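Consider the two complexes below, in which subunit A is the common component and subunit B and subunit C are the respective partners.
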Partner chain A sequence: MEQAVISKADVPPFLDALGNEYTVFAPRKVGGGDVVFDRWQAGEDIVFDFVNTLLPPKSLFFPTRETLFHIDGLRRPTLTAPPESEPLAIFGLRSCDATGLGFLNRFFGQRGFDDKTVTSRVRDALKMTLACHAPGPDCFCVCCEGGPFLASGFDLQFTDLGDRLLVDVGTPRGAAAIEKAPARFAEATAGDRDTKKRLAARVDATFQRRSYIAGGMKAVSLGKIADEVWQVWAEDCQGCGGCCFVCPTCSCFTVTDAWRGDDAAERERSWDACLYAGFTREASGHNPRVARGERLKRRFFHKMGCQYAELMGRHGCVGCGRCVGVCMGGLDISTLLTRIHDECK
Partner chain B sequence: MGFHLSTCPYCSFGCRLLLHVENGRLVGSHPSSGHPVGNGSLCMRGWNCVEAPYDRSRLTAARVRRRGCLTAVSADAAVEEIVTRLSTLRSAALPGGSRAGGQVLFVLGPAVANEDVLAARRLAESLGGQACSAEIAGARVARDALRAVLGRGYSARTLDVLSQAQVIWLFGVDVDNYPQVASRLVHARRRGATLVEFDIRATSPRPGVRSIPIPAGRFGVVPLLLQQAAFDLDVVPPRLRNLPQFASVAKPFVPGRTPLPLGHDSLTDDLARELVRAFVAVPNAAIVIGDRWLDSANAEEHTIQLLQAMVLLGAEDRVVMATGEANSWGAMDLLPAQGRSPLVDLLSPDGPDPIRALFIVGDDLIRRTPRPDALANRLSKIETVVLMDRFETDCLPFADVVMPCAAFAEQDSSVTNCLGMVQRWHEAVKPPGDARTEREWFGAIGRRLGLTGWPAGAAEWLRAAASANAAYSSRFLDALYGDDPGSSVLLEERGLITFVEPTVPSVAPRAVGYPLQLHFRPHPAFWSTGALSEREHLLRREATESCIWLSPGDLQRNRLRDGSVARVVTPYGEVVLTARSDPSLTEGFSVVTALARSCVTSRPDAGTAAIAADGGQMRGETVLSVLRDFHPDADGRAIATEPVPGRIEQV
Partner chain C sequence: MSASSLYQPHLCQIVRIEDETPDTRTFFLAADNVAWRKDYRPGQFVELSAFGAGEAPFCLAQSPTRAAFIEVTVRRVGWVTNQLHAYEPGDVVGLRGPFGNCFPFERAKGKNLIFVGGGIGLPPLRSLINYVLDRRGDYGDVHVLYGARTPADRVYKKELAEWAHSDQLTLLETVDRGDGGWTGPVGVVTELLKGMKVDASSTIAFTCGPPIMLKFVVRELVNLGLPNKNIVTTLERYMKCGIGKCGHCCVGHQYVCMDGPVYNFEQIRFLPEHA
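For the complex of A and B:
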């Protein structure tokens, strides 16, 4: 079955059925009204009415802090990798985040080195996206080939039709997932398909935000923006690093050794941010990007530079709009690309 | 896995955040949307605040000093040790042993929650002692001025006053320390608002920002010039004219008066009038007062006068005080009013009623005081020093008993921000080892001493707050500790404006032979390194360079190159530092960044020697403290924000 329908009431039992094979994550509303991905608890209600989660799902695959291996005994150290975690099933991924996950997987695994701590999790995960037909005021995936509906990059794509969901089956893994609870699904009708088509056709016009991606890529790649301009723009940057943390495609990290008692340690990987001065500081003390303007330029070059787009198969923004909400200095991708469009002719 | 709402503990604005817990460990903090301060964002400190509870210097075991060494003991044994020591003191003070006289002092830092402040106060008063806040400048100066002029502890109640303002005046604001203020200013500027900076240096030109440099020691004339302009332009609201002492305020400024000898180069009478005219022409002009202003010499007087100027301009409800730490304002709300005696003097062994037992609660007094050596000397003479903290501090060597305390994410408590908003800390993880809240420790001591009134719950403690401060009325407490974990409450305060007669500050003599103004500040690397790494330890290892940043012109004039070594001479001493170029600096103004224990002393090379002696430790504030030992205005100032005259000599 390439397309199916499932009633909203049947989604929780379906997720329950997946629990035998996967650790299931789904959106959950937490205090303050934010929505986050959290472990699915049997019997829990599903949250459908949200624009997007506070953080992208990258933290499930590339945790904020993670032990890479344990070191026991300092004289004759033995290294032990932590046990592998169960495969994940994630329900409610927005299209932009699923696209970001693909980018992250390519960064960690498809450039001649396969970092399995991330890629195996992505590869083994069941990705169930929830297509958008009511984008938020910060969303601009429509400009970034990040959504709002996907043609690929998912195992199952759900479209909200009101009391039921249309399900696009994207991979054999997705089809196998449906087989875990086949009674919950029915064949999609022509009417269901038409409703989805109408939603998809209508949604593009509802985006309130636009982004000048092509012009931005050109200006950044061809060096059309003077260093002094980056410096002036960077005066508004508060250096919080939030844009990197909330970005579905950002992968900055640092590696440290943490002592665990006198004779043991752990090598840990934790998120970092390329906008922090310490990120590029070298062991000698030299820092090639000591000024904030240089770091801002670097970030945008990494996101929008054609060289990186060629390497990664696409530019580094999926239009989720989280940086719009989190940036204290109004230097998010969308706003800055607009400034490039307006000010750097 | 779980997510818990809490409040960032790293500045006095208190952004709401969402703590992410995995396997009983904090792994991340994220901004919580819809909060009036954070508004869905966090600064670097907020994003990384989950690191601190796992710092290597974290205290997890109770300790008691035995034969000169601090030895780990059980929590009960630590309580017993304190009870024995306090009982001895009480017996010695009065034959009946009913009180300990004024010999017990509790000094509370800004990271101590409201409920713990109340518990400390209760124990102190039960023992006949006193509890006071560790704040020595900044927030204390701001709050005292607000109380003196407005009759209440808070002015602006939301940062929206900045978001909406069309004119914003900034007085000595270091926006790097308060990114939420900086963020509002960025957006105000983009909306077309005009910003006017009154500060000790001129900033580089930016559209929409007017910079008015105020020479060192001359902050005091600014509010007088503004008041004078308000009277000259006749913009003082008529409603003020019947208020007490209005006539005494107006007196120096009546038309036809002899001009005040304010003698200001960059802020002339005409310019002051122009600024005031623009300020009152819009309905929502606002001001921000920052630490550089509040820590400067005679800040008490000129902050009162600045607030008075705002009253005259009708903007007294739109003053943002960018100063203080997590609960600086709550601690001051809930502790008795205290004098301005520096802590060192309070601990003098020569007074009529010397302190014999000192509880240092949640603060590193030695790093905070302007006179660390003098304070260390005093601490070494006190019979009983109890250290209650989350981390090993510079006070640890003087402690007789150590009680490890819970960090912000390990307790259910409340804190009050500088806008008068009471918010919650929620227990996201359990405290490690013997660590617990201060109120739990105080309760254990109190109960063991036979004292009553030690409730277990945070809500019960906060209900007692109304007796300490009427603004903390119990009617809102149910909401704060109710079902909504994200609830917050704005304190309700009504004040009465009282005018304070201005005095014209004397003009400080200009230093001759010292063409540079040296501005001391902690190393900028302090908050700018890798994200969730062990920040402080990395910095201690990597960033040990102290240097002087000069404009390219000053660098050339002194025949220096970027990276060469310079001897920096001040009236108080000299030090050898690496010279660095900073094109953003104006000529004649330099910034000395310092990480080690000494910077400017009477000994040549003392700074370099001290860096080595100090093991390369990062002690920016301590450096400044040492400097201030030589500074005539050192007492009562948290940071050496007053520039020091200096010159460069060849090494």
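For the complex of A and C:
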């Protein structure tokens, strides 16, 4: 079955059926109207009417802070790894965020060092995406090959057809998931498939296409923006790191030892941000990237430089638009790439 | 193998500690259980853990041809190095590695070699100097130029004394400020380069030291006629993982931990910022 349909009412029992193999996460409405990923509780209603979750699901796979190992006895240590986490099933991923997970998986797995603390979680997860019906005000996935519909990068892709959902099966893992509750699914009819196709075309046309991405990438890659210009722009950067933390693909981290009593510790990995002044500061106090402008330039080179795109098979923005919402200085990817593009005209 | 095994270090006991200078010590780590102790390449580095303080990158300071121990020379500067300096023989540190590329010791075969070190910049060069001494027939003339702030700040004093009397290499030393016992030259290390007669086309220079020293050394080597690609250094950056994941050491699109830390100046010219 490459394409199936499921009624909306059958989705909760389907997620229940996944519960014995996976820890299931789904979108949940919280105070203020935000939607976040949370543990799915049996019997809960499914949230379908949302643009995107407040945060990408990155922290489920690459936690903001996690223990790499326990250290007992600091000078005569015994090291113990934490227990492995259960595989996740995640329902309601947006296309951009699924693309971001694929990016993280490739990054953490590449160049001979497969960092399984992240990659095994992504690979073992059941990724169930929900294709987008309408762009949010900050969305630009169409410019970044991040959506609104996906051709790959999901196990199951759900498309809302009103009372029911069309399901694209992307992987054997997705097919196996359907087999957990086969009675809930039916073969998609030619009519269903046609409805989805027309919907996808209509949705695609509602997204605004922005022409600055390619031009911005070129300017960033070739170093066309003078350091003085970066410095002026960076005066609006608060150095809060918010753009990095809400980004589905940002992955920089630091590692520290946290004391647990007098003679024990935990080695912890936690998110870090290249916009922090201390990000490159060495023990001697020497800091090769001391100016704010250099740090902003660094961020954009890393996200949008062709040199990195070549390493990663794509640039580092999936167009989710979260940095647009979080940056109080107008230094998000979309706005600043427009300025870069205009600067080089 | 647990998922976090890339980050979980190998445990190594400190066998011996030698004072080099008032703030620098060499740690000799038991290597019996270190599978790669004879297989690393000069110029590579390790991540060393002082548990409870953290982990930091250090160059391997000895040649793999002399790997009875894993040798790491550490200046006391920050959290990790302060704790390391509080350690005694018998204490246990964590070791991950070896990481990074290496000095181009194959390309250097048959060439004359000049090593220019400043202060704590000698340890990474020493891994190659001793390697060359153990493969002496493969290389031409070897000059080692070493500058320190004061005579007390010279690392590997015993080895320097041996090199001074060796017919295998020529050692030239200088200090910024002498003391009562110092009879050698006083001045910056670049002064030692100025008098040298160099066959520029068949010479490779390896240099490591503080950024300001590097700037002047490179200028002098270029004056001597060395092409940029025959001037080799090793970069130092803040690093957390050593395996191209944490993002701290990136310069341009280079991960210094994976693509470096050894670069020649033809490559460094194209980096957007200098270390």
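Here is the rule we go by: the second predicted complex is superposed on the first by the 341 of 345 C-alpha atoms of A that agree within 3 Å, B and C clash if a C-alpha of one lies under 4 Å from a C-alpha of the other, contacts with A are read in each partner's own complex, and residues count from 1 in each chain.
We take it that contacts are C-beta pairs under 8 Å (C-beta built on N, C-alpha and C of every residue); 3 or more make two chains touch, one makes a residue touch a chain.
Note that this is a predicted model, so its numbers are computed, not measured.
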Self-check item: Combined model on subunit A: subunit C and subunit B, fit or clash
Solution: fit
Quiz item: At the CA centre of subunit A, how far apart in angle are the CA centres of subunit B and subunit C, to the nearest 10 degrees?
Solution: 80
Practice problem: Have a look at where A:254 lands relative to subunit B and subunit C in the superposition and call it first, second, both or neither. | Solution: both
Quiz item: Who does A:307 touch here: subunit B (first), subunit C (second), both, or neither?
Solution: second
Exercise. Once the structures are superposed on A, label A:272 by its partner contacts, choosing first (subunit B), second (subunit C), both or neither.
Key: both
Quiz item: Between subunit B (first) and subunit C (second), which does A:338 come into contact with in this model arrangement: first, second, both, or neither?
Solution: neither
Quiz item: Touch check for A:71: first (subunit B), second (subunit C), both, or neither?
Solution: second
Quiz item: What is the contact status of A:281 with respect to subunit B (first) and subunit C (second): first, second, both, or neither?
Solution: both
Quiz prompt | First (subunit B), second (subunit C), both or neither touched by A:115 | solution = second
Exercise. Examine A:289 and indicate which partner it touches, taking first as subunit B and second as subunit C; both and neither are also allowed.
Key: second
Quiz item: Which holds for A:329: it touches subunit B only (first), subunit C only (second), both, or neither?
Solution: first
Practice problem: Report, in whole Å, the shortest distance between any C-alpha atom of subunit B and any C-alpha atom of subunit C after the two complexes are superposed. | Solution: 7
Quiz item: For subunit A, which residues lie in the overlap of the subunit B contacts and the subunit C contacts?
Solution: 252, 254, 256, 259, 272, 279, 281
Exercise. Spell out the part of subunit A that touches subunit B in their complex, as residue ranges.
Key: 30-34, 36, 38-39, 54-55, 59, 63-65, 235-236, 238-242, 245, 252, 254, 256, 258-259, 270-273, 276-279, 281, 285, 325-330
Self-check item: subunit C residues touching subunit A - in the complex, by the definition given at the top
Solution: 2-9, 11, 49, 51-56, 77-81, 87, 91-92, 94, 211, 236-238, 240-241, 243-248, 250-253, 258, 272-275
Practice problem: Name, in rising order, each residue of subunit A that touches subunit C in their complex. | Solution: 68-69, 71, 74-77, 79, 81-82, 84, 107-108, 110-111, 113-117, 120, 223, 251-257, 259, 265, 267, 269, 272, 274, 279-284, 286, 288-289, 294, 297-298, 301-302, 305, 307-308, 311
Quiz item: Inside the complex, what are the residues of subunit B that reach subunit A?
Solution: 1-5, 16, 18, 20, 22, 27-28, 30-35, 40-44, 46-47, 56, 179-180, 182-183, 186-187, 190, 206, 484-486, 524-525, 527-534, 538, 542, 545
